[in-house]
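These notes open a run of structures that come right after.
The two complexes that follow have subunit A in common; it is paired with subunit B in the first and with subunit C in the second.
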Partner chain A sequence: MDITINKLEQKTYVVLDGRVDSTNADQFQKDVAPLMEGENLDIDIDCTNMTYTSSQGLRVFLLLQKSLMSRNGKMVLRNMNPRVKEVFDITGFSNIITIV
Partner chain B sequence: MKLDMHSEMILDEYHEKLPVYEKMKTVILRLLQSCLEENHILVSGLEARVKTEQSLAGKLELKGFKYRSLDDITDVVGARIITFYSDEVDIISALAEKLFEIDWDNSVDKRKMLEIDRFGYLSLHYVCRIPEALYKDPEVPQLNKIRFELQMRSTLQHVWANMYHDIGYKSDVEIPIEYQRNMTRLAGMLELADEQFSHIRKEINGYRRTVQSMVANGNFNEVPLNGDTFRSFLKLRPFKKLADKIAAINQGEVYEDNLMPYYKILLHMNMKTIGDIVRMCNEYSESAYQLALLQLAGTGLDIVTYSVAVLNLCIVLILKKGYGEAGLVRLFDALYGENDYHKQRAHRIYEQAKKINMI
Partner chain C sequence: MMKKRFNPIKDRSSEIVAFLMASPDMPKDEDVRFKIELSIEEAVENVVRYAYEGGIGWLEAGTSLDDKSLLLTIELRDAGMPFNPLEMDDPDVTLGANERPVGGLGIYLCKQMMDNIEYHYKDGNNILTMKKLVNPEKV
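Let's turn to the complex of A and B:
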């Protein structure tokens, strides 16, 4: 999985490419760790090319979401393909994470 | 403004003591703020001020002869607590009595001073000192000796006092009796409104307690579904068994999320009482589990939210009632906002439900 992070003014743009699973979830968490502190309070994650997420990936999204909520920030996941969206739906994560 | 020599001396003393007064103001505000927070009391306003030179001079011009020294003027530093309800003034005054040393000889309860046929200024004024046990600054020992005034009143009492002050003091001429009478009528009306607000709050709190106890005692059919009752019901963790069972499909864990968004969904699904939700749980939990099993088995997804239990119950209810795919789309749109993808999801679930003979 590849991850690109860009900061433009007050907003942080993240682009995810590939699948998040047990082989790379730890790296994914390390990559997004800087977003869990500081002034990254508005995070936009483009999931167009994200092909799958396992529960390890869901946990990273959850950590990120909790960190943002505690700092009055927000996170949006967008352009999710139906297969990935299904993972969020059947686990109930669509109820806690904003997906557009 | 022309002041006599005695008043001028008092004014000089005021200038000397001004830094102490400013310090007192800050300390008093901080002490009151902490006291309110510790006792979990929300107030409409908390303020403090040091009397301005102009205001003090005005007072001295009118009645400077009454005061031997500046210490005789007890409101050079003043604080005010404005409560939401009139009956909270007594709670605040009890806290103030614990917090400060009260000079009872100079404290006034204006609420008790009015005749039965009079309406007007209602406020509780305490003249206080900061006890050394509460706050002490060796560099400013006067801080514990100088008295200050603490006013306590409700929001509506504050409104009336402010308006009366504005009208009465800004006017250069004496207010004609008919206008004074109108102000008095307003005071009576606000006093009545104050009492009614307190009464309504007590009634609502009483209703809440009754309903909470009905929920706790399991009299679900008698409890109407509303935001309060649903919140109380959720404390009983009614969906835990189903959520745990769904999580166990992949030996997973349940993440506790907020179920309040489902309150409006359940209302739209024609649930009238908490009993209706309990019946939905009893009748459809097994089907909801079967549906979740079909979706989660073999995925290895070992974390689900608590809300996934209610979501699957709602899906089953919609399908059992014959609302079909359109009903599911409406559910997903209501939960997550409109999205074209919801049609695909509804169709997929509908087909899964057919597979397990749910419909």
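Let's turn to the complex of A and C:
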């Protein structure tokens, strides 16, 4: 799982590439930890190349969402592949996280 | 039928998942494989993390296909603490982000992705059996 974070003015752009599973979910959480604080209040995540997520990956997305809500920020997940989207749908995460 | 006993299992979830996914019993269809892999990962991770104190113990993982190649069976067996994951309450998937507890989705995902899951405790072993209908046209 590769993660690119690029801050442009007020917006934070994130690109995810690969799988989030039990082998790297802890690292994924560490990688996005900076987004859970400070000025990162408008986060745009490109999921085009995120090919897989287990419940451990979902956990990190929920933590991000909770953090942004508590700081009056927002997060959008973009262009998710249908298989990954189904995981978000089944768990009700599609209703609590903005996916476009 | 193919199976393998992994011992020890600490930090070996991905290796166990990869072994099962490489089985000739697995379907080729990528959508179905995704669901099977996710279910296997969640179930294996449960055993690796929680079944044995300190993660020291074994897990036997196997696959089989029925005569008509229609029904895939995945069996996980361990000698850890008796634990029936199917007895856990399903998460409330209608709650908002603030109300949602973090975690507790793994077994729920297995239940949704597989066609049938059974748990038995026999001879000191936890036995989790997950079944998925597969399309022989695409095998």
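Some observations on this one:
The definition used in the following text is that the second predicted complex is superposed on the first by the 100 of 100 C-alpha atoms of A that agree within 3 Å, B and C clash if a C-alpha of one lies under 4 Å from a C-alpha of the other, contacts with A are read in each partner's own complex, and residues count from 1 in each chain.
In the analysis below, a contact is a pair of C-beta atoms (placed from the backbone, for glycine too) under 8 Å apart; a residue touches a chain by one contact, two chains touch by 3 or more.
Computed from a prediction, not measured in an experiment: that's the story for all the values here.
Under the clash rule set out above, the superposition-derived model of subunit A with subunit B and subunit C contains a clash between the two partners. Using the contact criterion defined above for the overlaid structures, shared-chain residue A:V15 touches neither subunit B nor subunit C, since it reaches no partner.
Applying the stated contact rule after C-alpha superposition, one finds that A:I5 touches neither subunit B nor subunit C. Of the two partner chains, neither subunit B nor subunit C is touched by A:M36. Once the two complexes are overlaid on the shared chain, A:Q65 sits against subunit C while remaining clear of subunit B.
Judged by the touch definition given at the top, the superposed model places A:S54 against both subunit B and subunit C. Judged by the touch definition given at the top, the superposed model places A:V100 against subunit B, while subunit C stays out of reach. Applying the stated contact rule after C-alpha superposition, one finds that A:G92 touches each of subunit B and subunit C. In the three-chain superposition model, subunit A touches both subunit B and subunit C at residues 54-55, 58-59, 62, 87, 90-92, 95-96.
By the touch criterion given at the top, residues 21-23, 52, 54-56, 58-59, 62-63, 65-66, 69, 83, 87, 90-92, 95-97 of subunit A touch subunit C in their complex.
Those residues of subunit B lying in contact with subunit A across their complex are 250, 252, 255, 257-258, 261, 292, 295-296, 299-308, 311, 335-337, 339, 341, 344-345, 348.
Considering their complex, residues 54-55, 58-59, 62, 82, 85-87, 89-96, 99-100 of subunit A touch subunit B. Of all the residues in subunit C, the ones that touch subunit A in their complex are 13-14, 30-31, 34, 37-38, 41-42, 45, 91, 93-98, 100, 102-103, 105-106, 108-109, 112-113.
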